[in-house]
Amino acid sequence: MKTIEHIAIFTSGGDSPGMNAALYGIVKKAEQSGIRLSGIRKGYEGLIDGDLVPLDAHKLQKMVHRGGTLLKTARSKRFLTLEGRQRALENLQKNEVDALIAIGGDGTFKGLLAFSEICDLPFLGIPGTIDNDLAGTDFTLGFDSAVNTAIENIDKIRDTAEAHNRIFLIEVMGRDCGYIAIHSGLGTGADAILIPESAHDFIQLLEKAGSYDREEAFIVIVSEGDELGAEVAAKKIKEINPDVDLRITKLGHVQRGGNASAFDRMLGIRLGAAAVEALLRGRKNVMAGILNNELSLTPFDRVVKEHQVNDELQGLLKIFGN
Amino acid sequence: MKTIEHIAIFTSGGDSPGMNAALYGIVKKAEQSGIRLSGIRKGYEGLIDGDLVPLDAHKLQKMVHRGGTLLKTARSKRFLTLEGRQRALENLQKNEVDALIAIGGDGTFKGLLAFSEICDLPFLGIPGTIDNDLAGTDFTLGFDSAVNTAIENIDKIRDTAEAHNRIFLIEVMGRDCGYIAIHSGLGTGADAILIPESAHDFIQLLEKAGSYDREEAFIVIVSEGDELGAEVAAKKIKEINPDVDLRITKLGHVQRGGNASAFDRMLGIRLGAAAVEALLRGRKNVMAGILNNELSLTPFDRVVKEHQVNDELQGLLKIFGN
Amino acid sequence: MKTIEHIAIFTSGGDSPGMNAALYGIVKKAEQSGIRLSGIRKGYEGLIDGDLVPLDAHKLQKMVHRGGTLLKTARSKRFLTLEGRQRALENLQKNEVDALIAIGGDGTFKGLLAFSEICDLPFLGIPGTIDNDLAGTDFTLGFDSAVNTAIENIDKIRDTAEAHNRIFLIEVMGRDCGYIAIHSGLGTGADAILIPESAHDFIQLLEKAGSYDREEAFIVIVSEGDELGAEVAAKKIKEINPDVDLRITKLGHVQRGGNASAFDRMLGIRLGAAAVEALLRGRKNVMAGILNNELSLTPFDRVVKEHQVNDELQGLLKIFGN
Amino acid sequence: MKTIEHIAIFTSGGDSPGMNAALYGIVKKAEQSGIRLSGIRKGYEGLIDGDLVPLDAHKLQKMVHRGGTLLKTARSKRFLTLEGRQRALENLQKNEVDALIAIGGDGTFKGLLAFSEICDLPFLGIPGTIDNDLAGTDFTLGFDSAVNTAIENIDKIRDTAEAHNRIFLIEVMGRDCGYIAIHSGLGTGADAILIPESAHDFIQLLEKAGSYDREEAFIVIVSEGDELGAEVAAKKIKEINPDVDLRITKLGHVQRGGNASAFDRMLGIRLGAAAVEALLRGRKNVMAGILNNELSLTPFDRVVKEHQVNDELQGLLKIFGN
């Protein structure tokens, strides 16, 4: 195996808070190890276009807390083509890159799997997505920040909901995964939580909401991937009780931004340093994650799997709101 | 004039951060003056139903910062009827109330004007609405908090917008008044601000957005009362340039809740104390407000007017985003 | 074993964000299981004084996010005496309490161990302390919130430190444990982190700080338990370079309060529900914790041990600031 | 008068949130007016050293919210000497600067007064200090942000104070001016507020604190400029009642940093634009401020005066805590 002297890094797919912390972890560990680093701008797009830039440790030290990503990110249609991937390969060769670190979600790792067919450089992945929908890590980078943003906003909505004794249906992100909904729903004392993974007894919810005690708010957290969705749920509640005072709020993209939480800053730094170290130890085509509070490495083809809501959470859902 | 020994207070209409601070200002000033206080729950509804409760100064001292309102609030159809107002009058007489303080917006003060036809008790108003759409005060209670909530969320969205070089259309509250949009748009470095009061050169915005430099985010703040609205604006931009990466986010009811800002806590306390003092000095049927940084009292029929965006703000809009 | 029909709960020692979430987890799980609950006010003091109150699930649902503790807390000298413990026992018997849940730190669990000599009721513990200094759990309740409060404040200080190219020594809490310092130091890109567990090469720090590049801030995070402390460190830096522009800030008790973070809310709910369940399954004299992301139960005499900074963190410290 | 084609700007003295917003206001207004701008780094130090840099409108647009100052700041002993001021003059001449805008506090404006003796360029000032201790403006830039930071931290401390029924003495900034203390004390429901401007009946406070109802927290806000100070106050309370559970916390430099509040962002933009406009209209040696919610210009020699706590605030202090 060739000695690794030059690592290139990119962020890809949806951005998430903690990506800059991961970059900071990478540059500091590389600095300690005497490794040269290059950043690739805008994910696979920059790889195809040869958009490499030096990474500045001092700049990253000052933005370790910030949401977004210094390297920008993008989704790339061109990388889905062989031609795109070949141009990417040429750029890596031209720049004498010895290894690649990618921070992103399942789409990113699928891209690396496809790329590995023509490129035998070692690839290392870091799970960066707010959805917490990857196997191989208990927590993805950005999930904790997104939940914190969600609960802070839901706390605010509770104020006004209580003032009016109102029903609120609040939609949170998470794609097909109910993790953000469960964590933000439990953490805000929601009366019901609707997630894709759990066939909820909707009739029961409707009766609870439609006939609820008018002296209190009634908060329902709806995962964006839920089969029903906030609008249909609202319509059904209105059918049961047309007089209810009901509002829908979709928290939206605020959940993707903002300063990273303490947890995500630490997670990013740990995973960034671990990714460099794993490459130096000769590992390739694995994603660095945290399993059972310890660093672990999982092959790409096993991270792109369904992340089920575990039994403990299912049990909590039954107690707290479903 | 009868000596005032017992004042009843209620909050009405949409809630806004700072209402509890105003209640705190009222109870402390009343305590100092030896006045008995009652709270009326749920606005005019509680007035009609005789839902009076004692007000606890200690409890309010500990919730001076909190959004919502201890007394709850509601909109009341029954108070629009003479019968409703007569029942309200009976309750005030039965409870030997000598004066009434109402915290709310234009609907609240219109209600007081109607009520004054059959009830000659002195009424005092406090402007509680996030929209800043009342004459007679430079700032309504809750406006500053709502703008702070808006800018904190827009700052978060900027992170993710910059990561993707994305166009974001962000809708903020304000009903027919563009104040929240102007303040939150200027304060977040938005590229354009669309408000109801200003005929904006939309073509220019479209061209700016449709052909914008892909190396940066492009943030448009849209007031909910704007003639165009976020969806139509998005559609028009897409017509000019179908390839733009564009998202819409509506901040929604989070703007109504959350802890009051420092400004609104102080404003609430000042207006609350001033309202009690004005009643004790014999004033009636006026709203306490802050004009030119000084306490002022304005008759109800003059506060329910249009609040125009002044020349200075219009000038800033031209420089910063329109 | 007697069937458990009535559980009493108290919070003890220093308060920490997440205690109310744990109470919420307890009441909801007990509600589901048909168990009667009583809250004991002010920790062991209330146990001695028989200060038992009913616990209201609705009230806790609305304050699941709030710092502090609904049940109040205290340190108790009287419980250190046999007489105090005997009065506590009498109160439990008089109130027909079948089991006891205590939320607190090592002092709390030592108290339970002493109490178990005269009282054979089953005891269950929940780790509530911001210091993360207990064995038997990867995270104590309140630690994540305290670190989030610390980093938000350190982020603010960085602004002003950068504006002046200033050295800042910032003291954070943690007693004899450097966890808060490590997490908040790494998460804010600090230039150095001083903790009790690690013999730091102070000369190196002094030279780094005393001769630092005047075009940037220089941030040192000092754990309150560090052998040196912020004042001495400052003095030594000044000896090397009397002209440095240096400030000391101690974050202080803000780290104990504030709304719980998302992580602590979830942790509190999980541990609260788990504690009730463990009691119902016949477990006693153990603390519920999270080890390797799974619920675990550890006997009291093993939680009161030193919690060492693990190898991974020691390695990170070497890279990032020591 | 020479036409103004080139304006130089610097920030000086203690930094405050909103300074970047003011810079943003200046660059946008100058852009509209076709004026060339230069930034001077590190206040008067950079003026003496000729450290001029171009100002980037795009960069400022993205950091309009951020605390600190893009241009850095410093205190300068050299500018107190005639030699220093002469070198500053030479740099302005060499760079063909036609006018100067300074953002800072009273020390900054005294510097401009001294400088005007040898330099007849027009100077314009913007009040940037968290202390709100200048005449000529109702609010200085950074004051509202500092109060918001203070109240958020005091709210957190209240959580833990309530949990223990503790007395807390919390010191806030403000130099010789009690504004931050008054606003943050009233806004957090403090039990007492100690400020330099008001001879407080300390005995009364001591009795109140020393014998306070143990079922609640007792919060005292102490201005850093108060004659007594937190330590002495604590000592005196302990003399009356040695058993009180009492803590002191000094909020410190966090009050200087953090993102600017909505109010300060708007204030900065307004004052920045107004400063450029005033220069273009031929005004000189005045500070732009907000008096009675309107832009106003006040000669330097009149802003450097004592800013008294007005009668309304004195009245509130009597009601709410003294």
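By letter and in written order, the chains are A, B, C and D; residue numbering begins at 1 in each of them.
Everything that follows uses one rule, which is that contacts are C-beta pairs under 8 Å (C-beta built on N, C-alpha and C of every residue); 3 or more make two chains touch, one makes a residue touch a chain.
In this text, all values refer to a predicted model and were calculated from it rather than measured experimentally.
Here the chain-to-chain distance from chain A to chain D, counted in touching steps, is 2. Note on chain placement: the centre of chain A and the centre of chain B lie 36 Å apart, centres being C-alpha means. Chain A and chain C have Cα centroids separated by 28 Å. Multi-chain contact residues of chain C (touching two or more other chains) are listed as 155, 158, 162. Contacts between chains, counted with the stated touch criterion, involve the pairs A-B, A-C, B-D, C-D. Those residues of chain A whose C-beta lies close enough to touch chain C in the complex are 21, 24, 28-29, 32, 58, 60-62, 64-65, 138, 144, 147-148, 150-152, 155, 158, 162, 183-184, 186-189, 216, 259-263, 265-266, 269-270, 273, 291-295, 312, 315-316, 318-320.
By the touch criterion stated above, chain C contacts chain D in their complex at residues 11, 14-15, 17, 66-69, 72-74, 149, 153, 155-165, 168, 247, 249-254, 256-258.
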